[in-house]
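One chain, subunit A, appears in both complexes that follow, with subunit B as partner in the first and subunit C in the second.
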Partner chain A sequence: MNKILAIAGVVIKELYRRKDFYVLFVLTALITLLLGSVNFFHDDRIARYLKEICLLLIWISALVIAITTTARQIPAERENRTIFPLLAKPVTRAQVITGKFLGCWLAVAVALAVFYLFFGVISGSREHAWPVLKYFQALWLQWTMLAVVIALVLFGSVIFTSPAENVTICFFAVLGILLLGGHLNTVALGQKEPARTMLYTLYFLIPHLEWFDVRDIIIYDWPRIPWLDCLLATLYAAVYVVVFLFAAWLVFRRKVLAT
Partner chain B sequence: MLALLFGESRQLFANHFFVKADISFHSGYYPSIFDEARQAEENDNDVSHPDEKEEPKSEGGFLGPPTDWIDRFGRHFRPTLHTHLQGGNIREILPWLRISAELDPHRIEAYTVASYWMRKHLGKVDEAEQFLREGLRANPDSYELLFELGNLYYDNRHDAGRARNVWLAALRLWQKQESGKGMPDNYSLDQITVHLAHLEEQEGNLDRAVEYLEMAKRVSPAPLQLQKQIDEIKQRLPRAGALSSH
Partner chain C sequence: MSSILRTEDLRVEYRSRDLKQTVNLALKGLNLNVSAGEVFGFLGPNGAGKTTTMNVLLGYVKPTEGTAHLFDVDVREPIARQRIGYLPELTYYYKFLTVEELLRFYASLFEIPKLEAESRIDRLLKLVELEHARRQPIRTYSKGMQQRAGLAQALINNPDLLLLDEPTSGLDPLGRMKVREIIRRLKEEGKTVFFSSHELGEVETICDRVAILHQGELKVEGRVDDLMARYHCNLEQVFLKVVEYQPQP
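Take a look at the complex of A and B:
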């Protein structure tokens, strides 16, 4: 476990040394504050449009951070040849995969915590309400969803030759699932065989990341999600994380690293 | 600036933001583009028909029963109740309407819908008038905007004289633009003439009120009801004539 944590620690340090997070956070804050300063019919209690835009920016930023940070982990180690001294130590390839995953996931947690703190302050200053538990649920579910994304990208990074290829494919896959995943069943119903069966199979195979997008609950002040549902969604995500990490390990353990 | 950035796609975005106002009005409970209900909802959005009674809060609605366990469980994480914004919360639709009007200044509905909610529910009569006048500057021949401005003068400013002038201008524009069409906008004519009739009735000009109601009756979906009103006013006509002769 110490070896995994040591590898994860390096990944976290890398996040705060690189400029990606700072740039995205400043951009999110600037756009939100700029839109917050717009006067709509002399009413300073209008808040939902601001919450909506801020949360959208948080989602985009978090996805960019998670995917780009993860995609360069193993290829960068190979390119810099640091993978060899790393594997020369008593560290297994499974520990490298787990350490990289944990590092990226924890690094994203730090970024998300900063983003949500900003969101909470902006939202609270407008609405004069602090539904902390609801924000925590949203953060937790988004972080859980990002675990699946990180595991998927890590799997991609041992399959695809270049990080750019991996980033592009994973972005499209994740956006596709987020936007269309929940509607595949509806689309399947309007198709003829064998397209219907194929779409339905895909619908049951893909991780339903759209569940974890609870922005509407936050924006429109719907009641909190039952904790049991949050737990079940977390377990659902955990299954996919294990599957993707296992697949990544299966490929990585037989991979010839010499260039 | 917006014209430079978006070009002709502004109208598409303007429509998107107008729909956003309706989504906001339903607190996020809205059909997706994959649901059959989406087109019907867009064509007949509730935010544009504020006088209609709210549907009872019901679960399911356009979603229908869940098709599988993924669908069923997924519904725990999104709005599944049909509700409408109430009271001061109505203000939350205003930014989307403003942006929609900024992107497409010829989108009349954005001005009229925003004005209605501001003057009726938020007490923002000055802001509503200013927004309508912005709309009129961009669309000087719009009878819908003039009709809404007349409503503002009549309901909120209690200025029957100005309301009459504005509604008459709206009626003239309607006749100029719509009377020759195969499918004229009868709904607007019905609204303008019924409001004019009501105003004239309140002002004691009963013969003119009858005249407007007769016009409305020709296009109204409920002509019998209007005929009843005409008969009631006609019964009062001789008495009013007698009173005025004294």
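Take a look at the complex of A and C:
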């Protein structure tokens, strides 16, 4: 475990020493701060709308950070050839994959925590209400969803040689799932065979990332989600993480790395 | 003396990615045996198979046939790398880290306790003369400094076997001298050093034994003195004879 944590530590250090990360980070924080603090005409609907934009922005920024950070991990190790001294140590390729995953996931957690803290403080100080548990549920489920995304991108990064290619494909795949994934079964009903079976199979195979999107409980002040549902969603995500990481390890362990 | 590094009938084939899948034989049944405390020079022209051998020993490439062992452990097992230090030809380190952080990271991969790791880092930075730059990111280092940082990372686990891939390539005369001094010091400490190099003068002065590889085959192996006596010439000329070099008329 120490080795995995050490690899994760390097991933986190790299992310927090990159300038592009700070640009996105500061930009999101600023927009959240501005949109969250203004109060147009004391209209609740506008306030809600601004909240929605802020949370959407947090979702997009976190996705961009997660995908771009993860996509370059293994390809950059190979391109900069840092993988060679790393694998010359008593480290297995499974530990490298797990360490990279953990590093990206923890780095995203810090970014998410700061985004939500900004948003929560601004929104709470204006509305004089502090629904901390709701914020925690939204943050937790988004972070859990990002674990699946990070594992998927890591799997992509051992298949595709170019990080740009991986980023593009994974970004479209994730957006596709988020926007269309939940409607695949309805679409399948209107299809003939074999398209219907194929769409149903796809519906049951893909990770339903849209289930983790609970922004509405904050925006519309809906009641909290039952904790059991949160736990089940976490377990559901864990299954996909394990599957994607296992697939990444299977491909990576067979990769010929020649200096 | 006990064998530290051993390869038996090591054969490595690379298949091209085209449809024909042409087979390129990088190693053709290599047998090597390096004993404890030796400084072993691994020589050969470019494309001879030196790097492939290193790649197999470090577990980067799986042999098509044959076996390779470090400390009697199959090189495919990560534990085989517990007692080795590896210095690549070029500096392949995380440039955003400082040398101190880099050494701390590698120390944690060897599961060296924190206090012990800190004292080793101090000692190694002194040895490679990088104490003054310990908190600077590696990207700000000169090539010589980066190579010395590389040497420090190769020694972090106090290895019994050092694998050095052209350790002095690209260094200025002072840098080369420094690396040679360190290799000599390690030899005095009883460490085993296995290194590939094109600097035959350097090999002649440092190595106890050498092996000359050509087109994936081991052509000659023996003590440096014995080889020079057998061929009645210096190591460079031995090398040229073994690889059947023909000067252009």
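The rule is simple: the second predicted complex is superposed on the first by the 239 of 259 C-alpha atoms of A that agree within 3 Å, B and C clash if a C-alpha of one lies under 4 Å from a C-alpha of the other, contacts with A are read in each partner's own complex, and residues count from 1 in each chain.
The rule is short, and it goes like this: a contact is a pair of C-beta atoms (placed from the backbone, for glycine too) under 8 Å apart; a residue touches a chain by one contact, two chains touch by 3 or more.
Everything numeric here is computed off the predicted structure, so don't read it as measured data.
*Asks:* Applying the document's definition of touch, where does A:V132 land relative to subunit B and subunit C: first, second, both, or neither?
*Replies:* Once the two structures are laid over each other on A, A:V132 reaches no partner at all.
*Asks:* Could you look at A:M1 and tell me whether it touches subunit B, subunit C, both or neither (first, second, both, neither)?
*Replies:* The answer is neither, since A:M1 touches no partner chain.
*Asks:* In the overlaid three-chain picture, which partner chain does A:R81 touch, first (subunit B) or second (subunit C), both, or neither?
*Replies:* Touch status of A:R81: second partner only.
*Asks:* Looking at the overlay, what does A:T92 touch: subunit B (first), subunit C (second), both, or neither?
*Replies:* A:T92 sits against subunit C, while subunit B stays out of touch.
*Asks:* Look at the residues of subunit A and decide whether subunit B or subunit C touches more of them.
*Replies:* Of the two chains, more subunit A residues are contacted by B.
*Asks:* Could you tell me if A:R45 is touching subunit B, subunit C, both of them or neither one (first, second, both, neither)?
*Replies:* First partner only, subunit B.
*Asks:* Just subunit B (first), just subunit C (second), both, or neither: which does A:N185 touch?
*Replies:* first
*Asks:* Does the superposition put A:L205 against subunit B (first), subunit C (second), both, or neither?
*Replies:* Once the two structures are laid over each other on A, A:L205 reaches no partner at all.
*Asks:* Intersection of subunit A residues contacting subunit B with those contacting subunit C?
*Replies:* none
*Asks:* Which bits of subunit A are touching subunit B when the two form their complex?
*Replies:* Within the complex, subunit A contacts subunit B at residues 38, 40-43, 45-49, 141, 182-183, 185-187, 189, 203-204, 208, 210-214, 216-217, 219-222, 225-226, 229, 232-233.
*Asks:* Which bits of subunit C are touching subunit A when the two form their complex?
*Replies:* Per the stated touch rule, the residues are 51-52, 54-55, 58-62, 78-82, 84, 86, 88-90, 92-97, 101, 105-106, 108-111, 150, 153, 163, 165.
*Asks:* For the complex, which residues does subunit A have touching subunit C?
*Replies:* 2-3, 5-7, 9-10, 13-14, 17-18, 80-92, 256-259
*Asks:* For a test of understanding, state which residues of subunit B touch subunit A in their complex under the given definition.
*Replies:* So the residues of subunit B in touch with subunit A come to 24, 27-28, 32, 34-35, 67-68, 70-71, 73-74, 76-79, 88, 91-92, 94-96, 98, 114, 118, 122, 124, 127, 131.
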